[in-house]
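Common to both upcoming complexes is chain A, partnered first by chain B, then by chain C.
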Partner chain A sequence: MSKLYIARNPRAAARSLDGEMMIMSSTDSTLFTLNKTATILWQWADGSTPLDEIVEKRICTEFEVAATEALADAQALARELAGCEILELSETPITTRQPPLGEKW
Partner chain B sequence: MVSLLRELNEKALALNIPLSVQLDLTYRCNERCVHCYLEHDDRGEMTTAEIEHLLDELADAGVFVLSLSGGEIFLRKDFFEILEYARLKRQFCVKLKTNAIMIREPEAARLREIGVESIQISIYSHRPEVHDGITLVPGSLRRSLAAARFLKSQGLRVIFANVLMVQNVQDYSGMRALAEELGMEYTLDPTVTPMMDGDRSVLRWGIGHEALRQVFRDQALVGDGEEFCTIPAPGDENSLLALPCSAGHTACYVSPYGDVFPCVQFPLPTGNVRKQKFIDIWRHSEKMNEVRSIRLKDLTTCTSCAHVGSCTRCPGLAYMEGNMRGPSSQDCEKSFARSGVASANMLAQKRVAPNLVQIRAVPASPPVAAGALV
Partner chain C sequence: MPQLTTEIERLSLIIEIGGMPVRVHTIDPAFLNLLQDRYAGFVSDSGGAEIEFDVELQEPKTVDPDADVEVAHHSGTWSLRRGDFLAEWEPAARHGWIRQTANPHAIDAVLRIVHTLLLAQQGGFLLHSASAIRNGKAFLFAGVSEAGKTTISRLAPSDVTLLTDEISYVRRRGDEYVAFGTPFTGELAKVGENVSAPISALYLLAKGQENRIDAITPGEATRSLLANLLFFAKDEELVRAIFHSTFEFVSRVPVARLTFVPDAKVWGLIA
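Coming up: the complex of A and B.
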C-alpha cells in the first residue's frame, strides 16, 4: 500500500484555542474546528512525514487505539480535510513542505 | 457557522483570549472624510519590524481574526509585507478596511494570492457628488468602485460600508441597489463617532431622530420592522449579568503607535506594546480589567432603563461622554427611534416627556438585536 503525505494548506487561517484548532478555509471562508485527534494531524502535517508515521508516533501514543483502526480513521479524515482545501494530500512527499508545528501551537 | 463562532467566542471569553484584534497600520489617509474620528498626522508609526513582532505576540496570545485598518492601509509602503507576514507566517484570518482608491488590478490579484477573508470599502453614496463631497477627494467614488470591481473579479469578498449622515441619508437605497448590482455585500451604520481626542463636533453630521426612525422601519434593512421596533421586554436578572460588548473581553484595538485600547471606539489607554508585551497588557492592565469587570447591573442610569435588555449601548461611546458605566446618548437615541420609548437617560435629562402610559411587552419573544444594522 502506498504512503500518504499530508501538508497544511498555507493559505488557511488557523489558531489553537485550548488545544483545538480553529481553521478557516481561504477559498470560501468556511470555519472549522478540529477535535484533538484532527488537531494532531494538522500540527504534524509537514508534507514529508508519512501519515502512518504520524498516526503511529503521535496518535497511538496519545490515545488508546489500534494502529490499523487509527490509520483508517486518519486517512478518512485527511481526505475530508483535503476536500475542504485546508490540507493537501499526496502519495509522494509534498515539496512545499512546512516544519511540523508540534506542541508549540 | 454563526453558532460555531458563538461557541468559539464563549470559549475564548472563558479562557480570557483575545480572539479578534483591530490593528490600525496608519492614521495617514488620502481622503479627508468630513466625519472622520482620526487626526491624520503621523506621530511615529510602528516600523515593519515592530509590527511583525506584534503580530507574533498577537498570534501567541491566541488572536485569530485580525482586522487591518487605518487611516488608509495602502499608504504604508510595507503593507503587502505586513499582510504576507500576517497571513502566511502567522496564519491570521485577515479582514481589511480601506477606501480602496489605491487598489488596481495588480493589487487585487496580489490580495487574492495572499488570501484575505474580506475587504470592507467605505462608500457613502452611489452618487459621485455626494460621496466625493464627504471624502473631499474628487473622483474618489469612481476609483473606489473600480477597485471593488477588480477585487470582485478576483473572487474576493467585498463589503460596502455605508456610514449614514445628513449628507447621504437619502441615498442608502441607491447604495444598496448598487451593491446588489455589483454582487457586493452591504452594511449600514447610522452612528457617527466622536473623534478619538474627545472632540464631538463631527456629531453634527449624524442623522436626526426622524431619519433614524425611518431607517429602523425600512423592512428591506431590518426585516420584520414590527419585531425590530418592538417595545423592549424588561431586563431580568440574567440579562443584567450580561457583558456590555466584546471590547476588552474577546477583542481589542491597537493603534499605529502601539497603544492598546479595549476597542477602536473606546479610547481608554491600557498600555503600549512598545513598552510592554501585548499579553501582559491584555491580562494585567488595571484599566482593561476594570472594563472587563463591568456587567449591565453595574451601569448607572441604564439599569433602570426600559431598554436595558435590548439596547446596543456602546461602552466606548459612553466613556467618551465621560463615564464608561454611563449611558451612551447615541444609543439612547437609537433605542428611542426604534421603539418610541424614551430611555431612562433621556427622561433624566428631560429631553423627552415620559409616556403617560408605560407599555411593557410580555417577554415572550426576544426583540431582534440591532446587529442587523452595524
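Coming up: the complex of A and C.
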C-alpha cells in the first residue's frame, strides 16, 4: 500500500487559541475549528513524514487506539481536510513542505 | 473670438471617517449638498486627503437592490461593483472614480468597502455592531440583525456618546484598539458622533429575561467576531490579515456575552 504524505496548505490561515485550532480558507473565508485528531494532523503535516508514521507516533499514543483503525480514520480525515483546502495530499513527499509545528503551536 | 469651451466648476468636500480623510469631487451642486447633509459631522475642512474620488453621476436605471457587491484587485487597482455603482480605486495613486446614481447609498457602500480595505492592512476592521463611549471608554455591542444593536443604542442614557448603531469602526493603535464614530446608521437612522476612544470591551448581544454579562471562551469570541466582520474582498492576503487581526483583538480586548431585556437598566452593567 502506498504511503500518503500531508502538508499544510500555505494559503490557509491558522491560529491556535486556548487549545482550539482555527483555520480559515483564504479562498472562500470559510472558518474551521479542528478537533483534536485534525489538530494533530495539522501540527505534524510537514510534507515529509508519512501519514502512517504520524498516526503511529502522535495519534495512537494520544488516544490509545489500534494503528490500523486509526490510520483508516486519519486517511479519511486527511482527505476531508484536503477537500476543504486545509491540507495538501500526495503519495510522494511534498517538496514545498513546512517544518512540523509540533507541540509549540 | 468666441468662447469655445466652458469651464465646469469642480466641487469637492472631504469626508473624514476614522481619521481617514477622503475627498470627493463632483460637478453637481445638488449632489454636493446631498453629501454635506448625509455626512454632517464627518465633513472635514482640513486641507489634505488620503484618497481622492471623482464621482460621475448617471441616470438611474433598473438595478437589482439585492445584487452582491463585487470587490476585486487587479494590477494595483481595486474594482468595486454593485447594481447601483461601479468604482475603481488605485491605492498607490491615492485616486479613484465612482460612477453612480445620485443617491447616498451608493457612495456610502463605496466608502465602507474602501475603509475595510484600508483597515485590513492596518490591523483594524469594520464590525456589525453598535458602539458608544462612556467615561472615556468605548464599548462595542455586536450582533446580527435583530440582535439588539438599535435597541441598546436607543436605551443609552444621556452620559453615553453614541458612535454608531450599526457599523463600528475599529483601528489598532499600538497595543490597544480604538473605536471611531461612523455615519453608517441602522434602524435608529442617527449618525454617530465623530469622536473616538479606546475600546474597553466587546459585548455579543443576546436578548433574554434578565440583564447579565457572561464570560465566553476565546474561541467563541473569535468565531463571533469573525461572523460579524464586514469584509467584501475576495483577496487571499487581506483575508489572512483580517483573520489574524481578529485573534489579536480577542487577545487584547475583553469579549463577553451581554444578555439584556429591553430596559435601560442594562446600561448599569456598562461602565
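Operating definition for what follows: the second predicted complex is superposed on the first by the 105 of 105 C-alpha atoms of A that agree within 3 Å, B and C clash if a C-alpha of one lies under 4 Å from a C-alpha of the other, contacts with A are read in each partner's own complex, and residues count from 1 in each chain.
We take it that contacts are C-beta pairs under 8 Å (C-beta built on N, C-alpha and C of every residue); 3 or more make two chains touch, one makes a residue touch a chain.
Everything numeric here is computed off the predicted structure, so don't read it as measured data.
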If chain A is used to align the two complexes, do chain B and chain C fit next to each other or clash? clash
Touching A:E64, do we find chain B (first), chain C (second), both, or neither? neither
Examine A:T30 and indicate which partner it touches, taking first as chain B and second as chain C; both and neither are also allowed. first
If you stack the two complexes on chain A, which partner ends up touching A:E91: first (chain B), second (chain C), both, or neither? neither
Kindly classify A:P10 by the partners it touches after superposition: chain B alone (first), chain C alone (second), both, or neither? first
First (chain B), second (chain C), both or neither touched by A:D18: both
Could you list which residues of chain A make contact with chain B in one structure and with chain C in the other? 11, 13, 15, 17-18, 22, 24, 26, 29, 31, 33
Which of the residues in chain A come into contact with chain C in the complex? 11, 13, 15, 17-18, 20, 22, 24, 26-29, 31, 33
Please name which positions on chain A make contact with chain B in the complex. 10-18, 22, 24, 26, 29-31, 33
Interfacial residue positions of chain B with respect to chain A in the complex: 1, 4-5, 8, 11-12, 15, 17, 19, 59, 62-64, 87-88, 91-94, 114-115, 117-118, 157
Any idea which chain C residues touch chain A in the complex? 217-219, 222-223, 226, 231, 234, 236-237, 239-240, 243-244, 247, 250-251
